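So, here come the structures, one by one.
Okay, so subunit A shows up in both of these, paired with subunit B first and subunit C after.
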Partner chain A sequence: MSRLLATALSLRRDPRVQKLPPYLSFLCVLVGLVWLLLLPLDDYARKTYISENALLPGQVHTYFSGSESHVLRAYRSELDVLASEEDPTRVNDKIEEILKGLGVKVGRQSYTYNAAGRAHSGENVYGILQAPRGDATEAIVLVAAIRSLNGQVNRNGVALALTLARYFKRWSLWSKDIIMVFPPDSETGTQAWVDAYHDAHDPRYVAPLPLKSGALQGALALDYPEVDRFSALQIIYDGVNGQLPNLDLVNSVGNIASGQMGITGFIQGMRHHKGTYKHRLTTIFRGMVKQSLGNSWGPHSSFMPYHVDAVTLQPYGKGFHDEMAMGRVIEGSFRSLNNLLEHLHQSFFFYLLMQRDRFVSIGTYLPSVMLLAANFSIMAIYLWVQSGQVDADAQKKAGKQPKASATEIAAVTVERSLVLPVAIVAVCHALSAVPLYVLNNTTAQLLPTAFAALAAMSTAAPFVLSYAVLPVYKPTQQQILLMKSLSLLLLGMALSTLATLNFSLAFVIGVLTAPLSFVGLSRNEPLRWASATLLTLLAPATVIYSVVAGVGLDMGHLLEQASFGWTVWGMYTPIVVWTIWWPAWTISMVSVLC
Partner chain B sequence: MQSLFAWLLLLATAVAASDYHEQLTLRPLPLSSLLASFDFRSNTSFSDYESQNFRLFPRSLAQILQHAGTRELHLRFTLGRWDAENWGARPWDGTKEGGTGVEMWALVDAGSDEEADQKWLTLTNTLSGLFCASLNFIDETRTIRPVKSFQPEGHHTEAALAHSRLLHGVLPHEVVCTENLTPFLKMLPCKGKAGIASLLDGHKLFDASFQSMAIDVRPICAEGQECVLEIEETIDMVLDINRSKRPKGNPIPRPVKADELVCDQSKPYHSEDTCFPVDHLASPDWQLDQVFGRPMKGTCPLADATVPSVCIQVPDKRHVFTSEGSVQHKGADGQSRCYTMDENNDFTLFLARPDNPGEGLEVVEPETPLLYAERSLTGYGQEKGGVQAILTNPGNEDVEFVYLESLPWFMRIYLHTLATHISPNTTTAVDFSTPSSDIIKEIYYRPALDRVRGTQLELLLKIPAKHTVFLTYDVEKTILRYTEYPPDANRGFDVAASVITTLSPRVMNLRTTSLLLYLPTPDFSMPYNVIIFTSTAIALAFGGLYNIIVRRFVGADEGEQSPLKAKLAKLKEMIAAKLGKKSAAPEEKTAVEAL
Partner chain C sequence: MPETMTLRGKAGIYAGAALLRLLLFVAFPSLPDLLTSRVEISTPVTSFKRLQEGLFLYNHNVSPYDGGVFHQAPLLLPLFSLLPDVRALPIFTALLYILVDILSAEALMRIAASGEAVQSRLFTSPRRIRQASSLVVVACYLFNPLSIASCLGRTTSVFTNCATLWAVAKAIDGSPFNAMVALSFASYLSMYPLLLLPPTILLAYDHQLLKGRTQAAPTFAVKNVAIVLVVLGMLLGMSWALDSQSWEFLGRTYGIQLTLNDLNPNVGLWWYFFIEMFDSFRSFFLAVFWLHLSSYVGGLSIRIRTQPLVVIVLLLGIFSIFKPYPSIADTSLFLGTLPLYRHVFPLMRYSFVAAAVLAYATFLGPAFFHLWIYAGSGNANFFYAITLVWSLGQSLLVSDLTFATLRDEWEVERPEMVGKEVKQI
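Right, the complex of A and B next:
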């Protein structure tokens, strides 16, 4: 033991060890990236399974068929007449009339959101089918937005929900209330409804709910505008800010659809998934992109922040399954949810799906982003140690003594002057409030211009800082090192924390900022300018512009979505970009230029 | 009219003469529901009771009551909820129902609170065995001593009242089922074999939209007569007629055949495969043995034959057909009729479909209740939450009532956040200007003690006519010890219904639904335990190793003194020097003594 200790103690004074961190850090980045690429392999991914025994998906016989289709057609015809009209309250009146006729209690709620200078208003109508023998302690939700995700009228979805309400009313086995929500669109309506259900709404914009039931146990949303027969069922499960529903819910619905009804279930738009490595990786990446953007991907997304597990079901393609089959999928899923004795908690909340029935759990994928984040922490410690050492040249002159005593080691470390570095880091982080404020308080028309101005300013900022502002304070080399060390430390900390909330966002930011660790290590002039160029290419503004150009998005639309997302859904992606990524980038740039 | 008077006269004499009577009242409700109220009442004189001479009073229960020194007992088993919006006022003015689960209150003969607790414990434990319910879980944390809302109902002498305590306990999570019905029926003189009790079938009773079984035992003293102990057992159930009519062998609500669908043929799109259904609006016909699943087997021979066994409350315009041998007595109000029947023959009753459906007057118009009450949890997350009760007075009179909350101890209420807002029924705008003191007249609050007792909150409120009051307060959710979590910890914890007792214009009872409260729950699953254990182990190992590597180890005398320590030592010296002067003298003294 003592020998081991001695080795360890002598090791830390070894100059070779002190050169190690950058390589270690690079290794972390490399392993982190490769790690993710290994996930689709069979050895790392698992088949999905139902963890909650109470769910018993597909074990009940479903009876929704026969004459119910006649009713469905009638409801659809009713809707067709009204949906084409301008006044949306007519549709809500009709839905209310139908639901009341069934003996279902009906409530309405109006709301107005103001985002990016535009008002998004609407009125939710919802019915509570009280569990015949229940006591209003628990409820499950069926959402059918009047306008589906692509803006069409959700013809089959709404009609199916109404028919199911009539059909469910006849059963006495419900242990939970069933709430049918009909929001006017797929983006804002459910958010307003869920907020108000939990009394977390802003009463200035969102009205309270006149009727309520118990704790929500799960929700299914129906996005079914096409009337033709369909071939497959897409399960959309991504929530706001990359939150995911319990894996049991996704699996149950998938099991019922494919196992019981013979409808192929698929995810992330991968209709023809062959189970190959490439397809799996594509699915993972699509999921990660959606997660890292963090906006709402369907009416179900808004439920997730309240710990209500939800998925959207979207029939796809042309095939031989009709709307009654879809109804039976919902009936089966509701019967499963109805069986629940406890809130869904057994299975995973953090996972990456690579196929409908294959996933990696958090324990397997989290190391990749943690390694990325560790790279920053290692570099931060390295820079900190370096900043405390006397210049290498000075050390050589003094003549190195191989067996320096403990007190002598202490003597060669120099005092660190922290005021300036801390001030710079603090100012840079504080400045991030400016783009956030501007982008969330500008009308949609001005957003692209505002963003262009911000991009220009953010590109200029490091130059201004390093050539105009900093020379006034005459920073020493040590202070520059300290500044970068502190910035990297913050970045590492922020990313590792973020990784537990939104893995994909942390990963994307981690990859984009990984070069920040390694630039500016050398004082070589051409290398410095090369680093500066690389950094400019990896600047937040440059990346956003190039992604928008690459994918063919409209910049104004993207910015409006970001502003809308923040106001309505509480989407924090812009905050991460501007308060974590941007300051880290700015400081790195300054350290390279100085 | 004359017949009614005669009948009433008969009834009055009968009550005095006989010790047992039973009656079933059927009342069709809107939206094809049917309320069936069973009432069984028997009594025994106190002398018989004391000498253990039981005839109609159930011996098993009586002995328990005697053993536990109980003067009055009220027991409720309730399932489902009363839909006041559609069904109107509650049967028996809500006095015969409890909150979801099991509720009981009793007046026990005790001079001190300790003695009362002891007797209450005996009572709950023995009743638990008798009724196959977990009544023994009504421990002190679920027991309250109501001050304003529950009062003794029977006739007691002043001395007896002074020497007794009223305790109230509730089990909101208890699921009421067949095993509770069987002991209930066993206590009836005719069991479930004859009379109206023969209609009680577990399948139908527990398939009802609302059902409440109640037992009330109380002393009744009529003037000039010997006091009697009365036991009243009631069952109220609301059946969904369409559901109850399904045959036993085929209870699954399969979609009907296409040609059996009742369609709205006026719709322009109506065709062979498109049908807008109109089936749910009509008031359907039904037959007694059909909705209860079995016929009524005559009358109970022990019951007072003069009291009609079955009554039905429907407008006179509706046609009612009964089996042979029964006699109809019409009520004066034109909305009720009663039937007496042959003792030995099966009885059934058929209510025909209304002649002109959709004209109204199909059922007796439900009475508007004095108050609508609704309660829900607000907020989200595992730390804090709130409760909101919406109390609506639909009538033209001010309503004064007591609002009782009995909350578990792990739901910590912040009483300072108790607030009321009032708004007229016509608008949704809330008026914040009316101070709470105008609405809440009195507060009785007994705070919770962790693991010892729950919160008891009684409020005396007054709501003006046609107004709605929003009563809100915040709560904090407590983290329990891990052994205190039940096996289904993630289900949440049930919070008992709040009880509303109106005082004016008349006394009636009303209960809200119970709540499901999520508490912060640790993850009891295996992987997380493994993570926690391994993290701890790694942290311990890493901490030690890290310490050894980065610390410099030098002899205590070799190392340089830290500046802080030096300053501290200086300060110490200074204080010692100052104190030394003062304490020098006594020190010398002790030194001398020691010598």
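Right, the complex of A and C next:
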């Protein structure tokens, strides 16, 4: 045993071993990337299944049909008249009148959000159907926004929700309260409502709720503007900041739609999913992009931060299913949720869906991003060890003949002076407050200009730092290494933490920053300039500009969305970009230039 | 000249640290409350929120322990009831906590300036020229994010830390009486500092001899233990009078620490273990855990008799791992005293690994706690796993510092082994 230990210890000093980390780190990046590409294969993905026994999706007979369709058409035509009017309170008045007529308690809540110099105000109206068999300790929510996701009036959605309210009211089997929420739009309304429901709202902008029920157990949102018959049902499940609802909810709704009603369910806009590798990978990628952007993707998204599982249902295409079938899907889903004995907890909260009934769980996909993060930690350790070693060339220059063998040189460690590197890293991270502050406190018109100015400054920052500021302090080679080591250590740490909260965002940032590990390792002049160019291409601002140009987005719109997302939804993607990615990039650039 | 430099540097550091804290208190008024409710900072026996609850009951002439949430020493209540209401005028509480932090720093400054870390009565380190400057030590303590967080979180461990540091400083100063009084205060507030009594007496004894006051060791020890007992008795007597002349507070303060009745999660190792345990084994394991915690005192004091200060530092590290209710305030005290041993840092083998592990844990801990409590997508095991990592990081530091000091001593005995590879068996 002691022999073995001694061998291991001497191996530690072996110069060959000490050259290994960059290759190891590159291998980590490579394996991490390939890992993700392997996920769609049958060997790694699993078929979805229902974990929670109480749900029993599709096991009840649904009765929503027949004459209810006349009621629905009646509500729809009443709303059609009002929806064309300018004053949104008329619609709310009508909804309140209808709900009160059904004997449902109604509450209204107004709110105003100010984001990027624009006010977003509106009024939620909601009704609580008290459970005949419950004690108002638990509730399930049905959301029908007046304006659907694409900005049209949610004609069928609102009418269907009202019809369902009337229909549910007559049943005696509910053991949880049912809350019908009618927010004015799909972005702000539910957020204000959910915040106020949990008393987490800012009373300056959002009014409290006059009426409440018990703990929310689940929520469905209806996004159904087209009145024609539909062919398939899209289930939108991404929440704010990439949080996902319990997989059981997605599965139950999907099972009820396809198993009971014969409606094809699909996800991520992949209507014609053939189950091929390519389609699966596209679905995963679309899901990851949505997750990494972290904004709200429907009225359901705002529920997720409060640990309320929610999905938005969106009928799609032309087919033979009518709104009554949609109503039965919701009835079936509510019956399942009604059966729950405790909060959904059995199934996965972290998953990547690749088609409606196939997924990979966290244990299978997490290693890919953890390997990416590990690459930074390995390089940080490598640079730390390097910084402690006496430079053999420097020794020769100083006239000292390295008399001992290579193994003994490696054993000598010099003292590390940490003050300057720590200061640089701290200053770079502190500077990231500037873009965050500017981008969240500028009006929408000025945002593109502000961003352009920030982009120019961020490109100039490393040059200023390395040619104007740092020479004053005369950093040694060791201090540059230490600075880079600390920065990579922080990056690795931040990414592995982020991976547990928002896998996709961590992965995207990990891929974009992976080259930071390898630049600046060589002092070769052309190589240095090549890496400086590569880094400039991978700068946060450059990447954002090129993505915007590539996808054909409007820069102003994107920035306004980011500012809006931070103010309204608490979306932290901009924080990650500016406090994790940008400082890491800046310090790498400085280390290349110095 | 260097004298004035040090003075100016000292004033600068104190002013900077105080201003930084004040700025955080004033500029982010919601930050202190946020930190106060974090389990990493506030434990059942140190939480500021619980102190408020106790204070409210106390001010309304109800026994503060009736609410069942307040588990802190009763004498804190009159102190805090002197301050204006924290919700109306939080600045006074903030100033008190800043002052206590600066006082702790002053004690640490004296400990560092005395050079006890490199040269004790029985041992002089061959590396003493590499001694850390006292300014650096104090700056490391005051600007440590953990110290700042525990000051902002207004945990009452800050008072214990201050008293403990003054006990050590006074022992080095050669005034054992003051040291024992300070240690009694620390023990009265948190109980566990009582375990520091043996090394503190040794430290004080060494400095008695250095001052030329010869005295037999047993008499000196007995005298000091007597001082501690008398002071503790007085403090407890005052508490008895304060808590409507009942001894109930003993069970509610020290009893909670001894029996771990409040199983709120914290960064330590006890809570999860005792949640999982069957009740029939509870008392046995309580005894084992306490025995384990106190068993280090004798062993370390005897083994490293030559350097009582390092024993105290190591014990502080051990307490912050194995205490029933540890928080980052305890870790900040350990990390604050660690730079005193900067001269042996080159002998430490895992400093980078330990620092990285601690840093990883500080990032992942709050994230996993969020996943468990708020997002609901994780569970208690997530957070517990991270507290294990956190403890691992600290125990790496403790064991590595032990190794480094022992090696430092050993190299005096075996000069031919300097710079050679050794194995710890």
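The rule is short, and it goes like this: the second predicted complex is superposed on the first by the 576 of 594 C-alpha atoms of A that agree within 3 Å, B and C clash if a C-alpha of one lies under 4 Å from a C-alpha of the other, contacts with A are read in each partner's own complex, and residues count from 1 in each chain.
As a working rule, contacts are C-beta pairs under 8 Å (C-beta built on N, C-alpha and C of every residue); 3 or more make two chains touch, one makes a residue touch a chain.
Model, not experiment: these values are computed from the prediction.
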Subunit C versus subunit B on the shared subunit A, clash or fit after superposition: clash
Touched partner set for A:G66, first subunit B, second subunit C, both or neither: first
Partner chain in contact with A:L527 - subunit B first, subunit C second, else both or neither: neither
First, second, both or neither for A:H307, with subunit B first and subunit C second: both
Partner chain in contact with A:V227 - subunit B first, subunit C second, else both or neither: neither
First (subunit B), second (subunit C), both or neither touched by A:V438: neither
Broader residue contact with subunit A after superposition on the shared chain, subunit B or subunit C: B
Which superposed partner A:H343 touches (first subunit B, second subunit C, both, neither): both
Contacts of A:L56 with subunit B and subunit C, given as first, second, both or neither: neither
Subunit B versus subunit C as contact partner of A:V511, first or second or both or neither: neither
Which superposed partner A:E415 touches (first subunit B, second subunit C, both, neither): second
Clash-bearing segment of subunit B relative to subunit C, given 26-34, 332-340, 350-358 or 566-574: 566-574
On subunit A, the residue positions that both subunit B and subunit C contact, one per complex: 5, 9, 307, 343, 345
For the subunit C and subunit A complex, residues of the former touching the latter: 346, 352, 356, 359-360, 363-364, 367-368, 370-371, 374-378, 382, 421, 423
For the subunit A and subunit C complex, residues of the former touching the latter: 2, 5-6, 9, 243-244, 305, 307, 343, 345, 349-350, 377, 380-381, 384, 411, 413, 415, 489-490, 493-494, 496-497, 500-501
Sites on subunit B touched by subunit A in the complex: 31, 79-81, 83, 85-86, 100, 206-209, 240, 242-243, 252-258, 260-261, 263, 267, 269-270, 273-278, 280-281, 374, 376-380, 386, 388, 428, 488-492, 494, 513-516, 518, 521, 523, 525, 527, 531, 548-550, 552, 554
For the subunit A and subunit B complex, residues of the former touching the latter: 5, 8-9, 12, 63-71, 73-75, 77-78, 101-103, 105, 130, 132-138, 166-167, 169-172, 198-200, 207-208, 210, 212, 214-215, 306-307, 341-343, 345-346, 363, 406
